[in-house]
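In what comes next, chain A is part of two complexes: it sits with chain B in the first one and with chain C in the second one.
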Partner chain A sequence: MSRMKSEDEYKKTKAFHFFRWLSGEKDPYIGNLEMKPQKEYITEEASIRERMRENQMVMDKVYNTKYNKWQILFRRFYRVMAVAFCIMLASLLLFTVSYLPPTGNASNPDNNEVAERYIEKGVQETGAVNIVTGMILTYRAFDTFGETNVLFIATCCVMIMLMIEDAELKKEEVLGDRRFEPKNDAILQAAAMILVPVIFIFGIYIILNGHLSPGGGFSGGATIGAGMILYTSAFGFKKTQRFFNENIYKVTKVSALCTYGLIGIYYYVTGANGIENHIPLGIPGHIVSAGIIFPINICVGIEVACTMYAFYALFRRGGL
Partner chain B sequence: MPGQMSFVQNFPCFSIILCMFIGIISSAFKEKIARWLNIIALVVNIVLSAAVLLYTVRTGESYVYVMGRFPAPWGNELRVGMLETGLALFFCVIMLFCLLGGRHKLVQEVEEGKQGLYYVLADLMLSSLLALIYTNDLFTAYVFVEINTISACGLIMIRQNGRTIEAAVRYMIMSLLGSGLFLVGICMLYDLTGHLLMSNIKIEIARIVAEGAYRPPLLVTIAIISVGLAIKSALFPFHAWLPDAYGYSTVSSAAILSSLVSKGYIFLLFKIIYRVIGFEVFHDSKIVDILFLFGLMGMVFGSLSAIKENDIRRMIAFSSVAQVGYIYMGIGMGTQAGMVASVFHVVSHVATKSLLFISAIGLTDVSGGSRKFIELTGSGYRNKCAGVAFSVGSLSMVGVPMFSGFVSKLLFSQAAVQNDGKMLPTLIVLGISTILNAIYFMKTVIRIYTPVEEGEYPTVEWWSNKIYASVLLCFVVLNILLGVCSQPIVDLIESGLNIFA
Partner chain C sequence: MKVFQYILLSFLIVCAISVSFSKKLLNSILIFMSYSLVMSIIWICLESPDLAITEAAVGAGITSVLFFVTLKKIHAIEEESKKGEKESMIERRRR
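Showing the complex of A and B:
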């Protein structure tokens, strides 16, 4: 025996919401989503005037273009010379390239013993099926350590440029951050809810399989970083800070780089002094194999993910 | 040979990695700990470099250090000789002095929370300089050139005002242009020779030149690499980024940039000339003549710009253009003697220019922070310590005997006399440039020692800032030592260059 639902009860069900939405009577997101009519950004008249006055002042004092004939002449000369120089450099380089050995020729100088050993003995010597990863993380490990440090120092520079220390300023910045974008965008949040875990898992997969398939620390770390950026733009910084704040950022970044450095120095010193290597290479093709490549890939992945997210956070609001 | 290595041979690798480690770790700490870690890193590096220097002087030859398990053409390697370790030791010492001497200004000029990052940048800058000095692999050199460029930008813009940010952007654009050209050059070299290791490239290039193949690309490659490094080390027509970058950044940065960063690139060029292209091939290409010409022009025009300048920091910065011109002139002579003179001038300029920058800050501080000459009148009496140090630096730059600048000018003239084709222009321009140097440096020294009536500015005692005064004292002693006992250093450079190739 079916029981009739009362009007009030029926209005709470999902079916009612669905049919109401279908007939176009009510938008379910009203009330949940902060909606603002899209307005064109209008600059205030005073600031336009101020800007024009400043521009005029600069024009008068620095590049006195209106009255200074030499300045006009120099500017024209400069533009012509700049274009001419670019054309000259481009044609010089093209001309040079025409003299270089043709691509794909078997007798080219770069098809020598170096590439031969990488390809023929790479798997056996490094334990990595992916020769590229094997090459950058064992044969040329020092370069890659330098490259990871490039990322680290780039974050330091962006911090110098954009980091806001003052608590009050930071508050204003957070408020200003929401000026052009609605808060709690339900569509974005729903999409992020599904996508972010998948992106994270895919990133981890790329990192862990760096020595088996295309990928590795750099690409996997970039994927994870992109996932974190998606999460932050959907749910805001407050929710991200629950699991990734400045202290956690510092600890993960420093420990990843230090682990890399320690593995690196162990590898360089034992290699240079002819001491036996105690890190087993494992069986090529297995997930835990390839000696130092596996842990280094994880360290690089963490560092790259931190860097990507830190760039986004610093540019967005001047702090993590 | 692996297995028979002495423990000392590991030190170059240790010192590079140590700097990186300290840089990474100090990013997690506050300013005070970062500063102490930085000092520890520098002192340990000085000790390590001194040990390696003693070792290499005793054995009298350079050795190769394999970075990892795989030997030369497959893996990375360092190559260590007397010249490299000597410069590494010298650079560490100068960096320590620069950071100590500019510390009180750093505290004033940089935001509180960001002072720790300054030391992170300085540590990584040092590691990249050491790697550039020691590496024997072109691509490793490129990676560390990148670190060097980025940290130099950071060092410029950490004093956040409009001028320094503009200067940093300009520096970054010019410097990236230089890096780009250098990278294109490396790619072409790899295409022509199939190697990235310096020694192997040299063998292949010797073969190519003997066969007479690939002449145009080889010439373009040499040109591109030289121009790329010339842009980064501010050779005359490419120096537009320099005055702002050195003139407005905080004083330690200015001293480090002018004395160490540009010299790192110049040393890389030496390395490329000797180890990659080969001295003979480089000499036979006409690029040396162009570098020679640019060097001469830099010596004159850099000094002329410095004379016109009304701002003491910018004047010293323009003087760097002239001094870099000297170094390139020595390279451009294309003889061993010219190279020795250039390397010695690198050393002497490093010691003198950092002294000038750091002493100038003492003079401007007692003149109400103004850098204009009119305000600086009599500042030598108000801060006696900085005044004396500035005078010593100026005398050294002009080339008065007893100071380091004299020895390098003497070496340049000796090299010129041995060189038939380039003797006359070198000597004439050397003379003109010395007179121009004397005009602007002596003008400044006379200005700071012109007595004024008791004015509104305070007078500072000799030892009021102990660290600053002792750093200046060390610099003065270093300059006089280089000027008086130059022969052992010249001998070291000569024997270092002989085993450099």
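Showing the complex of A and C:
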């Protein structure tokens, strides 16, 4: 519950009813814990003068290069050492790189039984023609789940920092540029009209063909997100909100993450305990094949597309 | 093909250095964008097209757009569009 809300507004919410019911008709929030408006802090004139005087004193004593010889010496030393440090770091890194084994050498340490197994049995075990996607979404599905969670947490953090209440948005609409919509640029709109459907279709193609051709959930989702950003910057937020607003964002993002989690849990429990896995792998090369990879790709794609668009919208105007 | 890759790699180094040396923030973002595009071509040359798609969408597209938005928010790149924006804001206030 948000302490920013006023009491009357809070009384309408479900949280109010729930907490009142939970604590026997008395809500600790009301009457005891309201946020009171803070008094504006006014600095006294004397303290400001004192601070300015001290500042001036420090400037005169330390940074005045006429009297302080050490300052000049330190500045020269600093510049020389900065250049020397950069050169040293670059040469150290290049020296290390020169000791790396050549790419594609048969006796390289990365050429071991793990890669061999992926290449030889990957198609049989995962059903995906594209080995990379098959690897990261089945053998390493747990790893990718962590990455998807990172995206989720990142948007949550951006929301906490940049999201503004709806009432405040409306207040600022008149004064600030938060809702400053782009001018109706004819060239941009005509270009977006042609490009956006193509970008969307390409992104969906990448996601759905993740197990057959290069790409996968992340690339396809990023492409769709970029298309949505283009649409928004050409036509404004109001038109985007017709098909993608905050409620749709919440539902799609959370349900995509939950679906991925459930599929991952099922796959790991059945696999790790030696129970038989009941997800059919299908024929490699068909569009509906490769067991869990197909739904997981869609989930990751939705998640990434939502994240990319949410970043843009939150940076731009502090709300979806 | 080898020569083409060397040209791309040298362009990459030039881009990376000139990003840090350009005085205008807008220019450095544009150079950074071209850096990502060249990088995505190099990924294709190294036979990993999935990385190339991701690099082109995230590196060249979304990251630079976020940079643009941030610079606009902190009023670092508003010189060009200052006039029209201010007029429209004054109009809104009148309403």
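Basically, the second predicted complex is superposed on the first by the 216 of 320 C-alpha atoms of A that agree within 3 Å, B and C clash if a C-alpha of one lies under 4 Å from a C-alpha of the other, contacts with A are read in each partner's own complex, and residues count from 1 in each chain.
To be clear about the criterion, a residue touches a chain if its C-beta (ideal position, glycine included) is under 8 Å from a C-beta of that chain, and two chains touch if they have at least 3 such contacts.
Small disclaimer: the values here were computed from a predicted structure and weren't measured.
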Combined model on chain A: chain C and chain B, fit or clash: fit
Between chain B (first) and chain C (second), which does A:R20 come into contact with in this model arrangement: first, second, both, or neither? neither
By the touch definition at the top of the document, which applies to A:V132: first (chain B), second (chain C), both, or neither? second
Between chain B and chain C, whom does A:I153 touch in the aligned arrangement: first, second, both, or neither? first
Go through the superposed model and pick first if A:G271 touches only chain B, second if only chain C, both, or neither. first
Overlay on shared chain A, then closest C-alpha pair between chain B and chain C (Å): 16
For chain A, which residues lie in the overlap of the chain B contacts and the chain C contacts? none
Residue numbers of chain B touching chain A in their complex, please. 2-3, 5, 9-10, 13-14, 17, 20-21, 23-25, 27-28, 65-70, 73-76, 111-114, 117, 120-121, 124, 127, 131, 137, 139-140, 143-144, 146-147, 150-151, 153-154, 157-158, 160, 165, 184, 188, 190-195, 204, 214, 216-217, 220-221
Touching residues on chain C, where the partner in the complex is chain A: 48-50, 53-54, 57-58, 61-62, 65-66, 69-70, 73, 84-85, 88-89, 92-93, 95
Per the contact definition, I'd like the list of chain A residues that touch chain B in the complex. 92-93, 95-96, 99-101, 108-115, 117-118, 125, 138-143, 145-147, 149-150, 152-154, 156-157, 159-161, 163, 165, 250-251, 253-254, 257-258, 261, 264-265, 267-274, 277
Touch list for chain A against partner chain C, complex: 132-133, 174-175, 177, 180, 183, 206, 214-216, 218-219, 222-223, 225-226, 229, 233, 308, 311-312, 315-316
